[in-house]
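The first chain written gets the first letter, and so on, giving A, B, C and D; residue counts start at 1 in each chain.
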Amino acid sequence: MKETQAVIERIKQVNLGYQRIELSVDESLLQIKPGQSILARLTETWDPYLRQQWFPVNLLNGKLIVERPLSETYEIGQVIHVLGIIGQPFRFRKTLRNVLLVAYDTPPIPLLMTIPWLLANKVSVTIALLGVATSYDTQHLPPEVEVELGNNEGEFLWQNQVMTLGWADQVFVTVGPDNEFSRFANVIERVRELRHDVPRHYLFGVFQQLLPCGAGACHSCMIRTDEGTALICLEGPAFDLTQVILR
Amino acid sequence: MSVEITRNTKNAITIQTPMMPAAGTFGFGDVYRDIIKVDLLGAIVTSPVTYEPWHPATGTKVVPLDSGVLVHTGLPNPGLHKTLKTYRNLWSMMPIPVILHLVATTAEQIRKSITRIDEEECIAGIELGLNDDISAQEAVKLVETAVKRGEKPVLVRLPMLDAYEIAEAVADAGADALIISAPPRGTARDPKTGKLVSGRVYSPIVKPMVLRVVGQLMRRLKEIPVIGAGGIHTLQDARDYLEAGATAVQVDSVAWIQPDMLEKIARDLGGKSVTKETGAFPDEWYPGMGDTEREKRRRGESFKE
Amino acid sequence: MSVEITRNTKNAITIQTPMMPAAGTFGFGDVYRDIIKVDLLGAIVTSPVTYEPWHPATGTKVVPLDSGVLVHTGLPNPGLHKTLKTYRNLWSMMPIPVILHLVATTAEQIRKSITRIDEEECIAGIELGLNDDISAQEAVKLVETAVKRGEKPVLVRLPMLDAYEIAEAVADAGADALIISAPPRGTARDPKTGKLVSGRVYSPIVKPMVLRVVGQLMRRLKEIPVIGAGGIHTLQDARDYLEAGATAVQVDSVAWIQPDMLEKIARDLGGKSVTKETGAFPDEWYPGMGDTEREKRRRGESFKE
Amino acid sequence: MKETQAVIERIKQVNLGYQRIELSVDESLLQIKPGQSILARLTETWDPYLRQQWFPVNLLNGKLIVERPLSETYEIGQVIHVLGIIGQPFRFRKTLRNVLLVAYDTPPIPLLMTIPWLLANKVSVTIALLGVATSYDTQHLPPEVEVELGNNEGEFLWQNQVMTLGWADQVFVTVGPDNEFSRFANVIERVRELRHDVPRHYLFGVFQQLLPCGAGACHSCMIRTDEGTALICLEGPAFDLTQVILR
């Protein structure tokens, strides 16, 4: 991990709610992989105090691309203080053919960097948008990505749920940040209803808790797993939901 | 510029730079080694340790505040024995003293913990963390237990709200140094869940409050080193505590937001001052390194049309 | 939605909206009348008054902090007699109760002050401001003096650092309500002169600290109304104190930075809620008033080329 | 006093260190006169907490012009929250022929709005720049203004001091904000050396203390005068230095 500076090179609105920002970054950040993130600091003042966690959505021509809400204002040439790389890459299986990404009551941004990577490796990608995520406009995603929209009640449910869960070799789920634990507990409960024996390394929760340090120093992102404890900032953001103690 | 931070004459702790990270903000000495030169710090204070293992807290653990943050961790740790096993080697190799932060739970657990810690050469001293709601009487009991039991110096970290009341009592009970103070506790509403969360408040605004407590206590306390701790975010913040009479300082949450500020403060207080223009250290500086991206842009290589 | 904020049964103070400005942040009721509807506040608490006149402090009186400010005024005021003479007419015409903040100096001065205040019908009650370094014992003495002497309810404003210790003692001594708490004191370096300045810390960060003190004390205190005060900057901040058990709140320095926040909080707690989009009040709103300059620009009338 | 919004219409660099900003303001602010100011708030966050005191330098075609250091970044279209009008106009004598403005160790900005006003009324204006104020570049001021530069030692001294002080009907002095009181005490002492009997309403100190409220609510700007006390934010910024108690 390093403290570096990044510069905004380009800003482009990509759909109704989001803009993509192209960042010139320190070389060390070009090693970033799907699942990993950076902690960004935009001001010289102490308000806001915490750094923002930015999950890149792509790495293109040596530039890092991040996706941010349109409501935030950025400027070309703006310098951003970056701490990173944060976390571990998603642990994809070697023999991977179908991946299911699920965003439930939260924008799918932490999952999007997988898409160019998986498509380039000839893996099919399905993305299910549930709850408030259904309003996330996918027009800018590659056409190869299959999009499933949740039911109107905002439940953990979509039309081809049984089929997509069955076909998927791995599933990565991210949920609304209010009470991630009980949301993930509901997710695994629902998946278990559909697929009696949920195998290891199949269903991953992608945690989005606030990370004060991102370095393993503050211990506020510690979770319990069946092997002891783990830090989201060092070992996450993705954890096998069958291993996390969600109570 | 070495300075004695404890009055335990037998095993007094001497540090070369009057600063160290605060317990709970720096892990166990194994993090930040990529970012800063840990050797330049005066000492390391470990994350809080308890005799028995403690689980992490559940629910919301971090609430953003204006210019600050409220954090509730539950002080998770694998217990004293496992902690020592995991970090003993690392601490033995550290060129600076390692101070173990021990949570002051019960007299019985303190007794057992101190006996165990005394066996470890790699630990220079113990920082006893008092509960925020402790009475002076209880505090005295726990400190006496710790002091009587062991050979290593015992530093005591006081709560902010009751520092005045507890400081003298604990000094008389044999504490070898006082840390004034632990981050104050607070209650804030988690914007995500709407629930109130109770935890520690970290912010630059804590500094004026604690600085005043340190200033006031320095006039009353005699012959006990005081370590100033609370809200240090700049070199000047750290110097202010020393000017108020503190022997050393502990730097807390700025480490999370700007890790290199720890090294900057250490270099400043250690006399290895930082060059103004670039924030670079003299032994690191090379011509042109001041040209941050922002500077380059100011010179006209603008990306703006 | 009227609420009794004191337990003085004879002359209890009832207010219609459970909020008021904090002493020292609102003048004597004569300012802010152009900006907000003062009638909507629950009450007015005056700037601190002493029996004898006090001069303004000299030297630096304001030090900017990150997300806050440190202020040292010296509590200047023309003394009780002159203050009453100047403001008696204004206060008599106020449709809301006026609470006079009396600085708790000596028992003798309190006695004389209370005797004098009792003659004034325009004053609904007295807020006694305790010195920050006062002991519980001294506090009890001064409160007893004030309570015995007069007919009007006596509200007591506690220091933040020692609130736990003093609250129960003062409640037993006969206080009719507690204000928890006065803005905490701090010491900060004046960037202009390089000197340390001691004063009161005003900041949104004060709120989580005081809210916790209020929450803790509500469990211990019985049958005495508590007014929550410290760092309120938003509607939610004010609601949080009420949820923690406070009977009403005092709003402090946000009045300086965003005076209309006082009215917004008063309307919110008084049930006259504010329309979301524009921040306008229902009785003020007209179509199109949401079009602030920023909105107009968003709609395309941009001055950017 | 009102809480209003202003919008930046134009930004123009006027000399080596400063830019002039043209503001569209609420009608109520068009009543502003030399000596009066506004309190500006630029962000929605609480850092910085206090509003900045801005003394306009002109009122032109219904727009307020302020002068700010180049080191600060402003944008056309930027919305600024304004509290104002703050304070009282300078009390110029009716029969005025010569005015002396003095900036000592501080930029002369709080004094500049007098210039167009006085020149329009056929009053001669001399401005003395002392101490660090000597580095203030006056190229953008009207050529009718006579500029005097202080001596190199940064004292309260300039070449034609005796003459300009003698000729002036009124003198307005602003000083570096570190310890205004003792600086003003030095100023009046020096003027008394040169002009034995300093008359009333001749020598004014223009105070620049931080104003937390600007409304008379916080009492932190209170000073003592020979008539009692006064609030800089309500009755200032200019006070007759023979009346202020400067100890």
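We take it that a residue touches a chain if its C-beta (ideal position, glycine included) is under 8 Å from a C-beta of that chain, and two chains touch if they have at least 3 such contacts.
Just so it is clear, the structure is predicted and the values come from calculations on it, not from any experiment.
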* To do: Give the chain pair, either A-C or A-B, that is connected by more C-beta contacts.
  => A-B
* Asked: Counting in whole Å, what is the centre-to-centre distance of chain A and chain D, each centre being its mean C-alpha position?
  -> 54
* Asked: Could you state the distance in Å from the CA-based centre of chain C to that of chain D?
  -> 33
* Asked: How far is the middle of chain A from the middle of chain C, if each middle is the mean of its Cα atoms, in Å?
  -> 46
* Where chain C touches two or more other chains at once, by residue number -> 65-68, 203-204, 233
* **Residue numbers of chain A (touch at least two other chains)** => 45-48
* Asked: Which word fits how the chains touch one another: line, ring, star, complete or other?
  -> complete
* chain D residues within the chain C interface of the complex -> 1-3, 5-7, 9, 24, 41, 45-51, 76-77, 79, 83, 177-179, 181, 209-224, 228-229, 247
* Touching residues on chain D, where the partner in the complex is chain A -> 45-48
* **Residue ranges of chain C touching chain B (in the complex, touch as defined)** => 65-68, 70, 133, 160-165, 184-189, 196, 198, 201, 203-209, 211-213, 215-216, 233, 236, 240, 243-244
* Asked: Touching chain D in the complex: which residues of chain B?
  -> 66-67
* Structure fact -> Given the complex, residues on chain C that touch chain D span 24-27, 30-32, 34-35, 47, 55-56, 58-59, 61-62, 64-69, 71-73, 75-76, 78, 192-193, 203-204, 233, 253, 255-260, 292-294, 297, 302-304
